[in-house]
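Two complexes are shown next, each including chain A; its partner changes from chain B in the first to chain C in the second.
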Partner chain A sequence: MTKREIKIRSFLKTFYSRGFIVYASTIVFMIFVIAAIFAPLISSYDPNAISLTESLAQPSSAHIFGCDLHGRDVFTRILYGARVSLIVSVLSCIVGAVLGMILGLIAGYKQGAIGGLIMRYVDLQLAIPPMLFTIIIGMIAGHSLFGMVFAISFGMLPAFIRLMYGQVLSLKQNDYITALKFADVPSWKIILMHLLPNAFPTMLVNFTMNLGSSIMLESTLSFLGIGIQQPTASWGSMVSDGYSYIFLRPALAFVPGVCILLLVLSLNILGDSLRDAIDPRLKGKL
Partner chain B sequence: MRKVVTFLLMLCVMFSVFANGSSETTAPAASGTDSGSQKGGTIVGAMNVDVSAYASWRLRSGQEKLSLSPVYEPLMKFDENGELQPYLAESLVADVDNLTYTVTLRDDVYFSDGSKLDADALLWNFENFKANSQTSSTHFGSVESFEKIDDRTVVIHLSEWNTQIPYSLNSVAGLMYSKKAFDDHGYDWCLENPVGTGPYVMTEYVTDSYKRYEKNPNYWNKENEPYFDNVEIRIIADNMSAQAALISGDIDFYYGGDFQMKSTLQNMGYNLYSNQMWYTIYFLIFGSAVDGSPLEDVRVRQAIAYAIDSDAISKSLDFGMSFVSNQYAVEGTQFYSDDVVGYEYNPEKAKQLLAEAGYPNGFSTTIAVGVDQALDRYMVAIQGYLAEVGIDVTLDYQETAIWTSRGIYQIDEGMILAGHGFGANLVNQAVSNFSQRAISGVGMLKDSKIHPDDLNDVLMSALSATDTEEMLSYMHEAERLIIDEYCLGYPVVIAFSTQIIAQPDIIDSGFVQAYNEYMDWTKVSRAN
Partner chain C sequence: MEDKNALLKVDGLSVHFPLTSGFTKKQIGYVRAVDNVSFEVPKGKTIGIVGESGCGKTTTGKAILRMVHATGGKVYFEGKDLLAMNAKEHKAYKRKLQMIFQDPYGSLDPRQKAASIIKEVLVADGDYESSAADARVNELLTMVGLSEEIGERYPHEMSGGQRQRVGIARALACDPELIICDEPVSALDVSIQAQIINLLSHLQKELGLSYLFIAHDLAVVRHIADVVNVMYLGKLVEIIDANEMYSNPQHPYTKALLSAIPVVDYYAEKQRKRIQLKGEIPSPINFPSGCPFHPRCPYADEKCKKEMPELISTGLNHKVACHHIGKIN
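Up next is the complex of A and B:
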């Protein structure tokens, strides 16, 4: 067994050390990913095509979760809704993490006026309630998929900046960074070759933990009617639409609600496990 | 042990006896209209959104009509046969030759502040309405001046004959506000403090929470005293919360809610009361101020009309509680024209018309709607139907502030879906929306280029017709022009505009279930 294989086995052992719940979360997450990717193959229905003759149809072999008010197949919309949730969450976390890491690196390494400016901006944004901030940005950015990505990633920026800033401040104290500075190694090299790689695992854990939050945010915005534009399927708007028929057809709100719950829960558990695997000293700590 | 059980059983029996006895003595007795009824108590209603106006001349929305109708009364009222009769007025005399209406007031009407409704108060009300009301052009657009003749008489001088004035006097233009209150407190005070001749006075209100009313001690109409001593109207924005409040007995009736909620509650035995004169038409308006827009072509507008299945929308989305009309009028009413052909659902015909107009592959457009209009179900359905014929629709949900600040119906391009109330004053509504007056007023199609001269002439002729038959013949022709000839809009569905869902023991003997635009709070009671 090579050293690399041993490392991977050790990583996986720690990753799955919490047992069944991590296995279950992995399976749930993979199911949603596969559903999102292969939605057109899994269901033959058009998620947006209306058929009022099947309005509020009961679950049946043709429509396993029934149909919504406009006669659209709920199962199909769940599959396509998974796409929206996953795309929005992954993209917004990537945008938020990349921008946050860059700004955090600059602020932490340079400090001074630039660092102060960046961190005061972070303080300013943190003074605004996050949900309110995201709603306002969402309304400005519009109801498109990319509008949502923009709004949610903007909302996540302070967390990534602050984390990166703290990491850089801590790493800067290490002797090898001081030595690199004395050796006249250019700043960009220190940042890219030493600070970034060392801070990356912590940022990766934060990234994973934020995936669940961004799904919640997207669903919340869609529930409030300021998310993805109709008729695009989104779990949040499906809960909102189905809420009116909670006594008549509980599945309309219940099924997308459970999907949100399962995906967010699985991502949070996977995030925790990733943190355990990357830094076992933190196992079980918040 | 047996003694203890026996004692407990006796306690239960005594408790139930006293409980029953107590409910018998405190429960409100029969309806106010029934003999032996016991009046009093409080009726608690709720509505979905709060009002923004309290002064009589500023009332527009259904919620404003509901929550201010305990305070204000109109000059004219519909009787139980749907005939318009003087109410605060003693008589209304029309003089076609001299272009005047003469209003003579009753001698016994007093405002809740003790002041009398006399000619001075009436004259001030009319002049104030003409100067300050947003709906002035709708109701008093053809009024030249007002003249006080004696202590009880005011003459309305018209610039052209207008058959709709009596209907306007049943509407917001006929609601009377105390001139004394205005003189004592000024204009700004009046905007927030209603003072009318109605059976109740508003004693307290908390915005977005509740309004409370007490019986008007100076109420002039002693023959028609209200059943309840107090009224409370709460704001419950959420349908599910309102449904729960009704089921738990927290409220006696709810104004608002969707058709699903009403259908569910009606099936559970709750009463659904509807006004028989006032309707809301959900009208898809084609407006275009852009040269070369697809919507400039009448064939495109007709294609859109053919592409929408209103029967399915009514049956499926509205649970059969709305109805379909092929025109801007309700079938069975005098304004309905049998000559209008309309647009039966026919997607093939829609595709053919689009191809003829040069859009065989469809085009992209927008439908604008106010976000608070709660028309999402229609918007999604229309979007779906138009997608089937190749028209790609973007739904433009406009925030309330933008929707109203832009003048509600101002759009540059595309379509608007709006719920539009109409009833006895259909001529006024049609003039305000479809004539060339719309350009300077607040009607729909304000910025549209589609204001045909012949339609304008027909509508203005209907407004100035000297008798009902003539007015109706013009209105029937206007319906044909609006729908068949120019296809200025498409009537998606029509619904009763004023409906309450009430507890089984609430009796509506003309409260909502009548022909008047404003509710009559002396016609609601509680059964045994």
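Up next is the complex of A and C:
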């Protein structure tokens, strides 16, 4: 076995050390990813094709979750909705995390006037209720996919900046950083090679946790009608459309709701496991 | 000690931290962490600094390295004042003064292998090419008594002693002339302590290093140091030759410290005269008037309460700050 193989093996061992729940989460997450990528191959229906004759059709072999008010196949819309959810959440988390980490690093390492300015801005944004903030930005940015990404990533920025800032402040106190300064190692090296990698596990957990909550946020916005515009399928708007018929056709609201639940839950569990596997101090202890 | 041999000369070093209160940050006083401390470190020698927790030992070391801002005094290194330099001038001297840290856990990056820790410091000044640096890293590892395989280990895979050796190798990677050892053995087992101390003495002989050895363990300091500075509440109270420390201590505080060392032999232990100090070390915020030691000193009189005693030379390599020199035994 080469060193690399040993490394991968020990990574996987720690990653799956929580047992069944992690395997289940991986499978759930993979199912959604595959569903989103291969949506046109899995279902032959058009997600937006209206067929009034099949309005509110009962679940059957042709439509496993039935049809909505406009006669669109719910199963197909779930598949295409997964695309929207995953793209919006992953993109907005990446944007939020990268920007937040950069600003947090600058604020934490330099402190002083620039750091003060960044952190006061964070306080300012945190003073506005986050949901309200995201709704306002979402309305300004428009009902497109990128408008959503912008609104959600902007909304989660303070959390990333604060977390990174705190991490940098505490890591900076370590003697190994002091030793590097004594040895005249340049600041950018200290930041990129030491502060960033050591803050990374915490940031990664926050990232995956936020993946879940940004899916929630996207769904909420769509539920409220501010998100992706109709007729594009989104789980949030599907719940919103379906809940008027909750007793007549429970599947219309429940299926997308359960999808949101499963995806968010699996992402949170995977995030925790990833943290365990990445931290060398925990190696072999779990 | 002559000026000419002094590698490092600390002259009247003071570190006062301001105490502020309220929104306007009004200064209501200051903490005298280090107050008017002067001593010298001759080339190739070891100077120990001992004292209780919080007496300013570590702050002295950090002020010399410009890690905390010194509010007064001068630090001459090879005749040049380090504290008066701007950042650019200081750069040339930075790597000549290194530090070994107390905590072997916090002083190594947990995500870096030992070899990479040393190599990073080694290549920082751009003198080494990558392949030459690898060879030098192995050389340094051997020098501190570690095998080359240890270079492939992460800090959490090493013992405390091994970690401290990596810390020493990292300090050596800069080719320093002076190493400030900030309690380098106090976090280690006694058996490991001896190994690290012996390693440090060995390296000193081989490389001609000078050490400023900060510790609170008198036995350790006496073993490695040539001259011992005894510190109390931010001030030096006695500078004494290490060989004389047990036989001829003059300051009542030094005497009290020495009398607190337990003796292994049962009968000797029974005969041992202990000087028990009353009370706590005073706060460096409410600095006592006169001699800082007078509230706890068994010999204190009116003069001690009013006048701050100066460090007076009482013999070769021996200075004492006490009004009662020679009167007490």
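FYI, the second predicted complex is superposed on the first by the 270 of 286 C-alpha atoms of A that agree within 3 Å, B and C clash if a C-alpha of one lies under 4 Å from a C-alpha of the other, contacts with A are read in each partner's own complex, and residues count from 1 in each chain.
Here, a residue touches a chain if its C-beta (ideal position, glycine included) is under 8 Å from a C-beta of that chain, and two chains touch if they have at least 3 such contacts.
Keep in mind that this is a model prediction, so the values were computed, not measured.
By the touch criterion stated above, A:His70 is placed in contact with chain B alone, chain C being left untouched. Shared-chain residue A:Ser55: touches chain B; no touch with chain C.
When both complexes are overlaid on chain A, the residue A:Met193 reaches chain C alone and has no touch with chain B.
When the shared chain is aligned, chain B comes close enough to touch A:Ser244, but chain C does not. With both structures placed on the common chain, the touch criterion links A:Phe20 to neither chain B nor chain C.
In the superposition on chain A, contact of A:Gly225 is made with chain B only, not with chain C.
Listed in rising order, the residues of chain B touching chain A in the complex are 239-240, 258, 260-261, 264, 309, 312-313, 315-317, 371, 376-377, 379-381, 383-385, 387, 394-395, 397, 399. Interface residues of chain C, counted against chain A in their complex, comprise 65, 67, 91, 94-95, 97-99, 101-103, 106-112, 117, 120-121, 124-125, 154, 156, 167, 170-171, 173-174.
Residues of chain A that touch chain B in their complex: 48-50, 52-53, 55-56, 69-71, 139, 143, 225, 229-231, 241, 243-248. Remark: chain A residues 174-176, 178-186, 189, 193-194, 197-198, 280-281, 283 touch chain C in the complex.
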